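A, B, C and D are the chain letters, set down in written order, and residue numbers restart from 1 in every chain.
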Amino acid sequence: ATADKLGVTVRSTDQFPVPQNFLADCDACCVIGGDGTLLGIAADAARGQIPIIGVNRGYLGFLTTLSADEAPRQFQEILAGKFQISHRSLIQCRIDCDDTPLTLTALNDIVIKDERNSQLVRLEVYADDQLVTDYFSDGLIVSTPTGSTAYNLSAGGPLIHPDAAVIAMTPICPHTLSNRSIIFRDDVRLRIRNRDPQARLLVAADGRQNPILCESKPFEITLAPMRLPLVQHADYAHFSVVRKKLNWSGSHGPITE
Amino acid sequence: ATADKLGVTVRSTDQFPVPQNFLADCDACCVIGGDGTLLGIAADAARGQIPIIGVNRGYLGFLTTLSADEAPRQFQEILAGKFQISHRSLIQCRIDCDDTPLTLTALNDIVIKDERNSQLVRLEVYADDQLVTDYFSDGLIVSTPTGSTAYNLSAGGPLIHPDAAVIAMTPICPHTLSNRSIIFRDDVRLRIRNRDPQARLLVAADGRQNPILCESKPFEITLAPMRLPLVQHADYAHFSVVRKKLNWSGSHGPITE
Amino acid sequence: ATADKLGVTVRSTDQFPVPQNFLADCDACCVIGGDGTLLGIAADAARGQIPIIGVNRGYLGFLTTLSADEAPRQFQEILAGKFQISHRSLIQCRIDCDDTPLTLTALNDIVIKDERNSQLVRLEVYADDQLVTDYFSDGLIVSTPTGSTAYNLSAGGPLIHPDAAVIAMTPICPHTLSNRSIIFRDDVRLRIRNRDPQARLLVAADGRQNPILCESKPFEITLAPMRLPLVQHADYAHFSVVRKKLNWSGSHGPITE
Amino acid sequence: ATADKLGVTVRSTDQFPVPQNFLADCDACCVIGGDGTLLGIAADAARGQIPIIGVNRGYLGFLTTLSADEAPRQFQEILAGKFQISHRSLIQCRIDCDDTPLTLTALNDIVIKDERNSQLVRLEVYADDQLVTDYFSDGLIVSTPTGSTAYNLSAGGPLIHPDAAVIAMTPICPHTLSNRSIIFRDDVRLRIRNRDPQARLLVAADGRQNPILCESKPFEITLAPMRLPLVQHADYAHFSVVRKKLNWSGSHGPITE
């Protein structure tokens, strides 16, 4: 309704995932839902370089541009050009070990676990052909800066500004006292090898799960070749959003801005 | 002695800090001592772009190239060109609030505390003019990737690969449950403001302390314009050093390489 | 063989779990295997107050008395009375929400997750009828002091001396920045309520998993009425074992005793 | 004024610390101020077993019974017997190494640091004559359950219910990746030895600092022989206070009670 009044031609769907080529020729993609919905369309939008405008109807709405309340009024401002675009990096995971090679793309994170619930995985990680370490853990999170406020945060990882050119790796409940996140340059080539011949892995890109059969050949995680154009308020301030949505603070009391 | 035999002209000193212009015209600077000694000459060497060869006689020797044992034999290899140079970023802190403006340079970290022992500081941090948060803490560590294995690590911060183009900020014992390190792009301009009119701050660059008088004007931390050329073994592997020197591991057992 | 020579009457089994009443009338129970094997017999041994002597053939062997190497020689010492008994607390979980009420007993921990892999649970925890908090997490670990070096440790919990009269609760990757373990008196009555009507929970006592059907009625975790008599070296020192087996240290260097 | 109307005989002082024997023959001690003020009188009140009623005029007021707003109305309720008394454990530190032996008592914590600002201490800790570990750190916090929400929390320690019979030990920024808090039985006898002959220590009981001269003889921390009677609302719920005052939560969203 708002879009009609403003003279915007709209193509809409409530299918999820959206039909192939649905975004072709669009100037922007307005996603109504939560972060989960937005994550589902992110790789497609990035491939076509279609800017995403998120309208939050979900839980946290960390990636969304507008709250549901703001949407009608602020949509107009965005059409008037009052916005900025944040070019968010994505990561991809190439898995050649099954019969059909597979490439998964993620805006937040690639998570590796055992296919069976509550089973430990033993993963060996190499960065540019150098051994990083050997994790015996509930799983491993490889995260973009955008994903640093998602699963990475729950597992104890640092907060990363979306513009930082890095990839973060955080183990989930590793069997060690010396647990720390690792921050790599974003041109790193990570190779992850399953060291347990009995285990079948589950690899999830932004929460979408794929079981991985083979155990011998490592799979690879790198930066994706394209970035996602994400529409933001003209006055978007990242840590202000972190403070408000995640109750983050450097002291007990409230922060006066 | 080793140097003589190899036909190297040597200029040496045991003054610390070294006399001004001592490094002028040198091809390399061999530092015999621990990380502390090397940190003391790092800014000078970076300014003159003189590669540093560290020989460890100290505690951890994280930055040193050679152990004391290896030095006689491996020095020769280094002269024969068997080495690589790692260009390490430095940060600098500009303090204009006293009568005489001051610029401090650090290879590891800039640490801000109260001048009095065991007093909390209240610091407001801005990144590129946006408020990050307001820390009520024992102090604040702003660290390079190189410094991530120093004080940043003790305060719970992540391990950062030396090549990652970031600056890390980690509070020391903040009065909050929501304590996390923050990872910024390395072109960030951090401004830190003392919010307690009674407090005089102590700002330390790589552990060298300077008291700061004024309380009103914020001071600024940015990347330094030059990098330090650090000589390393040809087969240097960063996380291998982390595992060996810091006893780091992703599992309880020993790692088989 | 060692036992025969020493005049001990032996009843042995390699069934696991052991047959019912197998331990009846025994003076002690020698468990050959790792911590997992010992955990499997712990509740039975505790009910009959049969002291356990563990011989480690496993990974860490945190609970075992003797290493496989020491066993032949030191068995004799133990029979000669050179040992102490550590009375370890256990916890139990009473689940009345299914048709058949169930009581699970654990020496290490009770862990609650979603029955589906990689699904978040929403659990409300009450301690003696007072709300503690509402966790949105990968799961929840309720641990004895003995279990503090097991899953609790991987999830970031504290090290607890086995004699401390407490129960520890540590969430697994909670969706919050303010993640901390909680230490309760050991006479606390914890009630845990599943807040997601769609979810079926998996409750594991020392890693043995039971699916829980109902979602409405909370289940209860308390101290078990009996303790496990665990045979230890006469000079057993708990933190010495933690240092050696978990590579724990308060500084980087090795500790000289 | 409120007290007069209610027929209570009042003896008041604004001296701090209060004069000796000031509390003699009192039925209760009403402390108006913040947690710091209350900590200052806690040992005296505990020795005389005088219940403390705290009225909060400070920052967090974790220990206080009433907020400043509630005080006039709720004072009457307290006099009418609508309250409960929480008997809080205290710890004490005996220092024999100087010429004059000294005993410090703390309701929250005993903190050991170097007398010089920003200097690392090397402390060896024994529990009941067994080595725990050797800390190379900014300092060491030995905390009661009551103090678990104070400095212990800032240093990453767990939340401990006030009734748990334990003493917690948490290092401040130790030079190690394997940093964890330790939970001991409250009848533990901790001995702490300064391993650096050059260092003079600062020992603070609830923030009140005492320099310690000698370096050779260890000092001892144990439970104090008396407890502090602390007046609380009849419906006091500890974790509700933690949630409200420390913004603690097991999930991002607000908790609905």
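Everything below uses one rule, namely that contacts are C-beta pairs under 8 Å (C-beta built on N, C-alpha and C of every residue); 3 or more make two chains touch, one makes a residue touch a chain.
What you are looking at is a predicted structure, and each value in this text was computed from that prediction instead of being measured.
By number of C-beta pairs in contact, B-D leads when B-C and B-D are compared. For chain C, the chain whose average C-alpha position is most distant is B.
Centre-to-centre, using mean CA coordinates, chain C is 32 Å away from chain D.
A separation of 43 Å divides the Cα centre of chain B from that of chain C.
Rounded to whole angstrom units, the spacing between the C-alpha centres of chain B and chain D is 36. Those residues of chain D in touch with two or more other chains are numbered 137, 153, 174-180, 246-249, 252-253. The touching residues of chain B, when paired with chain A in their complex, are 122, 125, 127, 130-137, 145, 148, 153, 157-161, 163-166, 168, 171, 174-176, 178-185, 188, 237-240, 243, 246-253, 255-257.
Taken in their complex, chain A has these residues touching chain C: 111, 113, 115-118, 137-138, 151, 153-156, 172-179, 202, 204, 207, 209, 246-248.
Residues 59-60, 177-180, 245-247, 249, 252-253 of chain D touch chain A in their complex.
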